[in-house]
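Each of the next two complexes has subunit A plus one more chain, namely subunit B in the first and subunit C in the second.
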Partner chain A sequence: MSRTPQRAARATTAMAALGIAAVTLTACGPAVGSTGADAAAETDWSAVEPAESISFWTNHPGGSQAIEQELVDSFTEETGIEVEIVTAGANYEEVSQRFQTAQTSGDVGDLVVMSDATWFTNHVNGSLLPVDDVFAAAGGDSSTYNTTLFDDYLYEDAHYAVPYARSTTIYYYNADHYAEAGIAEAPTTWEEVAENSQALIDAGVTETAFSFPPAEDYPAWMMNNIVWGYGGGWSDEWDASAVTSDETVAAVQFAQDAVQDGWANVSSGSPADDFAAGATSQFIGSTGSLGGVTETAGFEVGVAMLPGGPVEQELVVPTGGAGIAISSASTPEEQLAAAMLADHLTSAEHTVTFSSQTGYVPVRSDADASALYAENPNFRVAVEQLETRTRTQDYLRVFLPGGDLALATALQRILTTDADVAESLASLQTELEGLYENDLRPQLEG
Partner chain B sequence: MSAIHVSEWRQAFSRRNLAATVAGGYLPILIAMAIIVLPLLWMAVASFKPAGEIITMQPTFLPQEPTLDNYRHVAGTVPLLTVLGNSLIVTIVGSVIKVVLAVTTAYALVFIDFRFKNAVFLAILVALMVPPEAALLPNYMTISALGGRNTLWGIILPGLGTAFGTFLLRQQFKTLPKDLLEAAALDGAGHAKRLWRIVAPVSAPTIATVALVTIVGEWNSFMWPLIITDSVHMMTLPVGLNLLQSIEGQTGSYGYLMAGAVLVIVPVLVVFAALQRFIVSGLTQGAVK
Partner chain C sequence: MPTTNPHRSRRRRRDALVFLAFAGPNLLLIAAFIYYPLLSNLFYSTLNWRMGSTRATNAGFDNYVRLFTSPAGAEMWRVTITFTVVTVLASMVLGLLVALALNHRVPGVTAGRTAIFAPYVLSGVGVGMVWNFIFDPQLGVLGHVLRTLGARSPEWYLDGDLALVMVMIVYVWKNLGFCAVVFLAGLQSIPKDLMEAARIDRAGALRRFFRVTLPLLSPTVFFLTVTTILSSMQAFDILKIMTPSGNGTNTIVFELYLQGFGPYQNAGYAAAISVVLFVVLFAITAFQMRYVEKRVHYA
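For the complex of A and B:
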C-alpha cells in the first residue's frame, strides 16, 4: 500500500539529483525503470568531469578483499580518484538491503556489487543507472564483455550492471572413482550421467553416484541445466507456464527417478562438501567452488562441461555470481568516476587477476586466461564452457522476488518424496504466477 | 586415630558409595560435559586441521598433520589486531559504564526516596521485555543522525542501559539489612560513601555476575555492530570474522571459520575462569542465612 508513494519518492530523489524538472510526473508516469533510463539519456556525459572521490560497496565476493584493494589502489594511482571501499554486507542480499535502506538516508555507494538475483529488484525501484552511455563516456568498451554475462543485466534495451564476480555451474566427478569403475570419459548427456552413475554403483566404488543440492543450496540454479537440456525452462520471460510444459515435467521426472532408482540422492548439506569428502562421486556446482573442492579433496577432481539433454545439447549452462552497478542517486560526476572504476576492475587484464584470486571466470572475451590454466588445468573447462554454452537465466528464477525460493522448495519436495511431478509443478506455477501478479507486475507497470 | 582414618577411607571407597557417586555425580556430569564441551572441543581441534581432514569420510579426532594455516588465513583476511583492539575497547568501556549505571540506578531505586520511583522501575521492567531487535531501526536512525556510523562510541552508546543488570541488582540491594545503612548514615556517610563503601562490597558477587553477563554480551554482540559499521577498521571481532564466510561454497573454508570462532571464544573463557568463583557465590547468595 505504501509502496507507490515510497517508490515515487525514490524516483524523485534520483531525478532531482540529475537536475530534471517535471518531478510530479514520475508518480503516475511510465514504469519506474524506464524513467531512470530517460533521466540518464538527458545527462550530457561529455560535459561531466569525474568526481575526485567515490565509494565502492562490496561484500568482497569469493574472499576478494585483498585483490579488490589492490585493483582499487592501482585505479587511484592511474586516475587520482580516491575510492573508499565499504564492506556493505557479508552476502549479496545484505548489500542489496543496505543499498535499499540507504536510498532513504541518501548515503548510497556509487559503485555497488549486485548479484544476478538482486539487481533487478533495485532496478525496479529505480535505484540503478543504465550503464551503457556512462560506460562509453568513461572510455570503456562494453562490446568485449562476454555477451551472455553482460546480457544478464539487460532489461528493456538497457544494461544495469557490468559483469564482475561471475561464475557458472560445472560438472564435477571423482576421477579416482571413474578409474576404479573403468569409466573412461565424463558424460556429455544426462543419459550418460545415468549410465555412468549406474556403473559406479554396480562396480561398488560408491553408494551415491550423484548428489542434487538441497533447498538451501539453490537447486533451481543447478537444475536449470537439466530442464534446458530437455527443452523446458522455469519460465519464458514472465510466463510461468513453461514450468508445467511437457519438457520441464520430463526433466524433473528424470531427476526424481534418479533419486528413486538409487543412483542419486539429495545432499543434506552441500553437495560440494559431500563430494570433497568422497561421499558422492559426481555433482554439479559453481566454478567458484573449484579451488576449495580441489584443495580439500583427497582424490583427483575431474571437471567437465555440463551434460546436454535429448533436445538441447549446447546452450544448457546457467551463469551466476555478481556484477557491479552504478547508483542512480549519485551525482553525474560520481557516476562517471564509478563507471571508470567499473571498467578498471573488469578490464581484460584485471579480470584475469581477479579470477586467479577468487575462482570466478574472466568476464571479458579478449582476456588471456592461460595463466589461470597453469594454476588449475580444470579451469580451462570452465572458461571454454563459458564461451560456448552459457545462456541467460529464466526471469522468474532470478528477477522475481521469492521466485527462486518457491522453485527450490518445490524441487526439494519432488526430489525427496514420491510426489507427482506434474501436479507439484502445476501448483508451483500457480505460486509463481501469484508472486508475479502481487509483488512484481504492479511495480513493473508503475 | 589412624584406625578411624582407615575406616573412613574404607567407607568412602566402599562399593556402594562408589556406585552412588558415579551414577549420581560423575555420570550426569560427564554426559552434560560431553554435550556442552565436545562441539567446542571439536571446533578447537578442527581449527588446526587442513581442509582435507575436516571434510572426509574417515574423520580422526586429532589432526594428522597439525597446521597453523587456518589462523594465518584469518590473520591475512581480517586485520586481527585492529578488530581485537576495537572489541576490547567496546567491551571494557561499554561494560564499565553499563555496570556503574546499573549499580547506581539500582541504589537509587532502593535507598533513595523520590517521586515516581515505581514508575521508573516499571519502565525498566518494560525495557526488559522488549526484544532488542525492536529498537534496532530507531537506534540506527538516531546514531546515524548523530554521526556515529563507523565509530566506536556509535557501537557502545545505544547499549549502555542494562535493564537486566539494574533489575538483578535492585533485587539484591533490597535484601540488604536497612540497619547497616542507617548506621552508616548516622555516622555521617553520604550516599556515595554508603554505595561504594558498604552496598557495593557486600553485593560484590552479584555485581560480578552482572559484570560477567555484560562482558560476555558485549564481547559477543553481533547484530548492532554489524549494522552500524561498514569499515573493517571499526569492526569488532565477531563482525570482522564474518568476512571469513565465503559466498561461493564453504568447502575449503571450514577450517578458517573454526579458527575464527576459537579466537572469539578464548578471551571469554579467560574472563569466565577469572570470575566464576564470584558467580557461584552470587547464585547461592541468600540461600542460607
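For the complex of A and C:
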C-alpha cells in the first residue's frame, strides 16, 4: 500500500473520530443557539389525576425535619399519596445546585424548596412550572397568601412558587443593656438608632452598640432597610443606576459613618452569635433567628419593627426565606399531586404549626397566630410587621446570579475601610450591569 | 506482493484479542470518565451556558478573553500565584526543618513524627471549622489571647489580604507533615559513609548540609515541588469552609466553583477556567519533568 492511500485512510479515520466526538458532545450537552425557555405546554388539569407518589426536595429550613415529616404523614393519610422526603442539601443554595445539575438526568424532585434568591434562575432555565393554574386545579386558594410573600415569586404575570418558610428582618436589642443605659424604647428611625447606640456606649454597658453583618451573612438583605428608608434601592427592576442614586449613597454613607464614629462595627462572623454572646447590643436579623437567639442569650431579648429613614418610614422591611416550587420536568400527574402537597404544607392551620417549630412567619393572612403569641410574645412584632411594612426585594439582589455577592462584597469593603462611598457604588453599578448584560439579559431576551 | 505467514497472523490476532480483553475495560472506563468529560468540558467552555439549563448560546472564545482581561480574572491570578508560591515554599522549607529536627534518635521522636503528620490525614472541612474557632476575632481563642495581652485581634475575615494570610497559615499547617515525612525518608536514605567522609574532611554542619545533604535530597525536593504545586493550585476545602464567598481567597479552583456552582452559575465560564487550569498544570509538570529533573542527583 502506498503512503498516500495510508494518509487518506488516517485522515478519514480522524475525521470520523472528530465527527463522532462532536455528535456525542452536542448530543449530551445543552441545545446550542437558543436561550429562551419553551412555552409551557397547556395542560388540561381537569383531565389529570394526581400521581400515587411524589418526591419533596428540601433542606429542612429552620431545623424543620420533624415537622415536615409530620405534615407529610398527615398529607399521605388524607390523600393516599406517598411522599418521599429527600434531604437535597444543607441550605437553599445546595438544594438549587442539586436541582440544576439533576436536570440533565431528569431525576428531579417534584416539589422543591426554592429561596427568594434561587427560584428565578431556575425559572430562567425553564425548570419551574407556573403554579397559578395547577394550584387552582389542586383545590388551593392562593388569595389568602400574604400578598407580599406570594408576589415575591411573581414574574411576568405568573407565580413560580408559593411561600413556605418565610421570614423578614427584625430589630433585636439587649433589653438589659437598654435598662442599664436608661433607654426607655426601641428606636423607630435610624436617627434614634444612632442616639441609642451612643447612649449605650456613653453609659459604658457595651463596646459595640450595633453590628452590621459581614459579606458572608447577606448584608445587602439587612441593609435593604436603611437604603429603602433613605429613599434609595439596589435597583429599579433591572436598572442598576438606583445603586448610585443620591439616596442610596446617603444611606450607605450613614452606615459607613456609624462604623467610623465607633457606635457600630461589622461582625466577623454572625451578628446573631455576637448578640447572643453579649458582644453587641443591637443588630438586624432574620425572624428565623428569634427562637435560637432567645434560647441562647443570657439576658432579656427585645425585638422591634425595623426603623424607618428620613424619606420612607413604612415600607422598609425586606422579606426573605423560601417558597416551594413545582418542577416542570415532572409529569402533569406528579405536578398536580405536588400542588396538593404545597397547599397542605402551607394551609392556614399548618403554616402556624410550622412557624411554632421553626420561627418562620405564617404565610397565610387567615392564619390564627394567637398560639404563637402566647408562646413567644416577641413573635407578634414579626407578624404585625409582615402585614404592614414589607415590600418585595430589588431585582438585582435576588434575581441576578452573583448580584447579592457583588453587593455584599462592595458593602463590606465600604463599611470596613474609608473607601469613597460614591466611587465604590459607581464601581458596583458597573459590576452589576456587566453581570446582567453578560449573564442574564441574553437569556431573558432569547 | 508480500507473503503472509498464517500462523503469525493468527498469533497477532490472538495477542490483540488478549490485549483487548485485559486492557479494554480499563481503556473504556478511562475514555468514559477522563477523556469524554475532558472533551465535553472543552466544548462547554465555548458556550454561554447556565448549569441546569437545556439551552445555551455559542460564545466562541469570549469566556477565555474574559478570564484573561477582566479585573476579576486578574485578581484570581494574583491570588492563585500568591497562594501557590507562599504555601509551596513555606511547606517545603518548614517541612525540611522539621524533618532535620526529627531525624535524630531521641526520646519522643516517634510521637513527634506522628503529631506532625496527623493534620495531613484530617479532613480539610474539619480543619477549616476548627481554625474558624481559633481565628474568630470576637469569640475565637486567638482573639482572647491577644485581648489578654492587651492587643486587638486582626479582622481576619473582613480584610481580603488578611483572609488570604489566614487560609495560607491553615493550609501550610495541614500539609507541612506530608513534606516533613517525605523529607525524613529522603534524609534517612542518604548513605552514612558520605556524611562520615565529609566529617573526616572537617566539613562543618552548614557545609555538610549544603554540599552533601541538600544535593542528595534533590530527588525528594523535585518530587515535593511537583506534588505540592499541583496540590496548592487545586486547594479548595479549607478555602471554602473558612471564606465561603471567596473574599480575597478566590484561587483558580475556588473561582471555578463560585462561577460554576456558586452564586454566579456561569457553567461556560467555569469550564473555560478549568481548561486553563488543566493547561497550566500540564505545562508546569511538563517543564519540571523536562528541565528541572536534569538537575536532580540520584544517589
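Definition applied: the second predicted complex is superposed on the first by the 405 of 446 C-alpha atoms of A that agree within 3 Å, B and C clash if a C-alpha of one lies under 4 Å from a C-alpha of the other, contacts with A are read in each partner's own complex, and residues count from 1 in each chain.
The criterion applied here is as follows: a contact is a pair of C-beta atoms (placed from the backbone, for glycine too) under 8 Å apart; a residue touches a chain by one contact, two chains touch by 3 or more.
This one's a predicted model, so the numbers in the text were calculated from it and none came from an experiment.
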item	value
Which of subunit B and subunit C A:Ala175 touches, first, second, both or neither	neither
Which of subunit B and subunit C A:Ser167 touches, first, second, both or neither	first
Partner chain(s) touched by A:Ala277 [first = subunit B, second = subunit C, both, neither]	both
Which superposed partner A:Leu405 touches (first subunit B, second subunit C, both, neither)	second
Contacts of A:Pro61 with subunit B and subunit C, given as first, second, both or neither	first
Which of subunit B and subunit C A:Val266 touches, first, second, both or neither	second
A:Ala90 touches, of subunit B and subunit C: first, second, both or neither?	first
Broader residue contact with subunit A after superposition on the shared chain, subunit B or subunit C	C
Touching partner for A:Gly359 - first (subunit B), second (subunit C), both, neither	first
Touching partner for A:Gln103 - first (subunit B), second (subunit C), both, neither	second
Overlap of subunit C and subunit B interfaces on subunit A (superposed complexes)	273, 277, 279
Residue ranges of subunit C touching subunit A (in the complex, touch as defined)	36, 39-40, 43-44, 47-58, 66, 132, 136-139, 155-159, 243-245, 247, 258, 261-266
Subunit A residues within the subunit C interface of the complex	21, 24-26, 28-37, 93, 97, 99-104, 121-122, 124-127, 214-216, 266-269, 273-274, 277, 279, 401-402, 404-405, 408-409, 412, 416, 435, 438-439, 442-443, 446
Subunit A - residues contacting subunit B, complex	59-63, 65-66, 86-88, 90-92, 98, 105, 107, 167, 270, 272-273, 276-279, 285-286, 288-289, 291-293, 295-298, 321, 358-360
Touch list for subunit B against partner subunit A, complex	51-52, 54-57, 76-77, 144, 230-232, 235, 242-243, 245-253
